[in-house]
Amino acid sequence: MKFAKELCISAVASALLSIATASAAQTVSLGAVLPLTGASASVGDDQRRGIELAVEQVNAHNGVLGQKLQVVVEDSGGNAATALSSARKLVSVNKVPVVLGEFSSGITIPVGEYVVQQGDVHINIGSSSPAIRKIGEGSFSVIGLDDLSARFAAGDVFAQSLKDVAFIAPNNSYGQGVASEFKKRFESLGGKVSSVVLYSEGQSTYRRELQQMSRSSPQAYVYSAYGQEAATINREAYELGLSKKKWYGIYLTMCTSDTVPQAAQGQEGLEVASIGAGGKTYEQAYREKYKEAPKSSFGSYAYDGVMVAAAAINKAGAADPAKIRAAMKTVVPYNGATGTIAFDDAGQRKEQPYDKVKFDTKVVAR
Amino acid sequence: MYSFLLHVATLSCIYALFGLALNLQAGFAGLLNFGFVAFAGVGAYASAITSSHGYPAPIGILFGVVAAMVVGFFMARLGRNLASDYWAIATLAVAELIRTVALNENWLTGGAQGISGVPALFRSASGVQNDPAFFLLALAMVAIALFACVRLSRGRFGRAIRLMREEPALATSLGYQLVPLKVKATVTSAAIASVGGSLLAHYMSFVGPDYMLASETFVIWTMVMIGGLGNNFGVVLGALLVEAIYSAVPFAKDYLNISSDIAGAVRLGTIGVVLLGCLLVRPGGLLPEKIRSAT
Amino acid sequence: MLQFIVDVLIRTSDIMLVAVGLSVVYSLVKFPNIAHVQYAMLGAFGTLALNRTGLPFSLALIGACIATGVVAVLLNVLVFKRLLRSGSSIAMIGSLAISMILIAVVLGIAGSRPFRYSSGLSSPITLGSTIISVDQITSIACGFGCVALLAVLLFKTGVGRSMRAMSSNPALAAATGVDGARVVNGITFLSGALAALGGTMLGLTESVHVGLGTNLLLPVFAAAILGGLGNPLGAAAGALLISVSETLVTNLDFGWLFGTTDVYVPVTYISAASFVILLVALLFRPYGIFDREVRRV
């Protein structure tokens, strides 16, 4: 009896939804899987804003194929299983030809693999692990991967005469990638990485990890961590007195997005350059709509992802995934908010500009 | 929309397998196992690891079943001396232990990343996973498991474990040895759960340590309790019902335009309220256990 | 060495109060109440809410403890007593349902991000070779102080005697004039308040978030079981033991095995250490380490 009622409600809901989707045929829909909840929620929110700005920009200029552009945003929940369900819904219910996302490499890889397996186009807007390369044909990255960032970071740290460092990053494909790349580059320059700690995501304390790192008495700490976890790490480092040594953050806005400013004061780091040729326009539009400066540089990558996808669909002449895949390769080089975007043979961004930054109550250029 | 409904139906079948397995252990034998998800997780990982080394899927499933049976054996022997409350927590600890190992041992399990790209069991011409075929396989597995469980519960073994659940002293006096019975019930349950886990790995094309969180065991317990502890058909119904509620929430979120946090809260809260309601009003579940009369 | 002791004390105070609260009430209700750790989460959020309305931290804390105690009593009377009629396993599943509802309510109201009581940082204090923060000292002092107070209450006062009597033999206690209902409610209130205090302290040293209770589930149960369910001081000892094993495992340098320095067990195996201890202890002493009860063979 109860079950029959449940069945009726689900049937009615699905019928209503199919009517709704049918009437949306006048729009071209793309999909996005973003971390709207979880450790990276601040960045996910910024990515969502970047997408909104891009949609407004596209629709103000005739839309896509003469129709309105719409991006359906789903929550990844900060874990791969939820992200995969969201991707599944986007691909099979909303029938989008392109899926953008996510932020964490550990989630982007399974989502990307699923999306390209289903024949659609995947655009990586936030992950940088070198393992992204293996997602395969049909996946493109508008953000540079970590072999580039690690090289930059290693050089930057070594140039400051810091020869013995400890490294902490999350225990997922992003963290593993950036840790091994950094260690390789740093040691080839002549430095020493005396301790590499990969922390488990989602813990509420990282005191023990920090204590293990501090035992090797490094000259500096190099770290990369997601917003809320980074806030905990920074706070506990301060409480343990470790923040008296130099801290260097890879993707510093991500590392400090939720941190109490006092704990991060004086940190240095690198950041993906968010002000390219079209960057100023992006920043202005962001300030106008949201009344504050861009929260992170990842919003501009999401913006560029949508713009490149829209351009590719226009070039392909149809919202057909196979045609869009081909068009993506020819619509570049594209001048976006993050600079000139060009793809190498594997669909990954060829050149990635980085900025040297430091934290002085917020992230500023050095 | 049709393919999404198919998705819900397939997941319901997989969870029905879990429900039937837990029912065998908890419903019939009265063994409160809160680390149940370890069996499913072991099966899922076994399938993922063997297929990433290139072996065909049935080998992976078999491997998973063997591994899960070993874990089940260990859990049951642990329960030899323990009172049921303590054993429940001990099984929870064992599951957490296995999850911690899966989280850390990158070389074996891919660590926190898990193993992605697990091949689909049925591929159509374009290489895309053939969902209807998979659904039929899952349905077939449920039918087989249901048949097996019904036969077991009606047979001597079923009577013995139910007697053990109700009157252990009487069972011993009749000559049944309790520990081997517990072991058999746990190990059989582990095997069925492991098959479900392997199917899940191939369906989601991904396996991660999050599959073995304690919260997953609680979901399966909820399905079993709502459907009817001790009734095979009941737990299948419970799995379908809970999965339907779980899947309806994202649509409600779209329709009513509520935020993701609230959607998560509504999903969890609905399940909790339904479970509590069931326990207070109808502790036997929607389809309670059939107590056969003496005649 | 001092750092080791400080680490142990910090970790112990994280789980001790909640474990003691669990143990205190167990002998009365006779089922493992999974919702108990969610009382800790409720208490932490309660203190946060009261603090945000302008009350100073200590008053907010007291308010939250009282409120959580009342919630615990209400849930016990309205829900758990009824469920216990159908058996302790049904009650355990019921406590699972209550946990889900509590988490859902807090998730819906407060969201999933972590909160802190004050937006400033707690300045570190150097004590010899070790560093500790004011928050951590507060937590340790509160924890051990409350357990000491509880011990005094249980063993030196008439109320405590009634509680212990009810715990070991309800029928006999009633026969000697102990008011059953009041004592049960009193004990339940106490356990809820202890859990809320423990949760707030944990929120102070770490952060207040909706997963606070769930993270505590296994360590708290492990501590309570190690000490023997129903033995509150045993639970405190269990918490200490677990904390020692966890800190020992991650502080020991295994470099000598590999010929280098600074080789440590990965921190994620910490919880594994306490579970292994629990499982091993249960194999040899199935009813807890401090078990002295005589059971028929």
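Chains: A, B and C, in written order; residue numbering restarts at 1 for each.
What we mean here is this: contacts are C-beta pairs under 8 Å (C-beta built on N, C-alpha and C of every residue); 3 or more make two chains touch, one makes a residue touch a chain.
Not measured: the values here are computed from a predicted model.
Q: Touching subunit A and subunit C alike: which chains?
A: Shared contacts of subunit A and subunit C: B.
Q: Out of B-C and A-B, which chain pair has the most contact pairs?
A: Greater number of contacting C-beta pairs: B-C.
Q: Going by the average position of its CA atoms, which chain sits the greatest distance from subunit B?
A: The most distant chain relative to subunit B turns out to be A.
Q: Suppose each chain is reduced to the average of its Cα coordinates; what separation in Å results between subunit A and subunit C?
A: Going by mean C-alpha positions, subunit A sits 38 Å from subunit C.
Q: As a quick test, compute the distance in whole Å between the mean CA positions of subunit B and subunit C.
A: About 30 Å, centre to centre.
Q: Would you mind pulling out the distance in Å between where the CA atoms of subunit A average out and where those of subunit B do?
A: 34
Q: Residues touching two or more other chains, restricted to subunit A: which are they?
A: If we look for residues of subunit A contacting two or more partner chains, we find 37, 171, 200.
Q: Could you say which residues in subunit C touch two or more other chains, in rising order?
A: 111-112, 266, 268
Q: Got the subunit B residues that touch at least 2 other chains?
A: Answer for subunit B, listing residues that touch two or more other chains: 103, 261, 264.
Q: Using the touch rule from the top, collect the residues of subunit C that touch subunit B in their complex.
A: 31-32, 79, 82-83, 86, 88-90, 92-94, 96-101, 103-105, 107-108, 111-112, 214, 217-218, 221-222, 225, 229, 266, 268-269, 271-272, 275-276, 278-279, 282-283, 286-287
Q: Under the definition above, what is the set of subunit A residues touching subunit C in their complex?
A: 37-38, 41, 171, 194-195, 197-200, 202, 204-205, 207-209, 211-212, 215-216, 228, 231-232, 235, 238-241, 260, 262-263
Q: Per the contact definition, I'd like the list of subunit B residues that touch subunit C in the complex.
A: Those in contact with subunit C are residues 30, 32, 78, 81-86, 88-90, 92-94, 96-97, 100-101, 103-104, 214-215, 218, 221-222, 225, 261-262, 264-269, 271-273, 275-276, 279-280, 283.
Q: Can you tell me which positions in subunit A touch subunit B when the two form their complex?
A: The contact residues of subunit A facing subunit B are 2-3, 6-7, 9-10, 13-14, 16-18, 21, 36-37, 74-75, 77, 79-81, 84-86, 88-89, 92-93, 106, 109-110, 113-114, 117-119, 170-173, 176, 200-201.
Q: Under the touch definition given earlier, write down the residues of subunit C that touch subunit A in their complex.
A: So the residues of subunit C touching subunit A come out as 3, 7, 10, 111-114, 119-122, 124, 126, 131, 133, 135-136, 205-207, 209, 211-212, 215, 250-251, 253, 261-262, 264, 266-268, 270.
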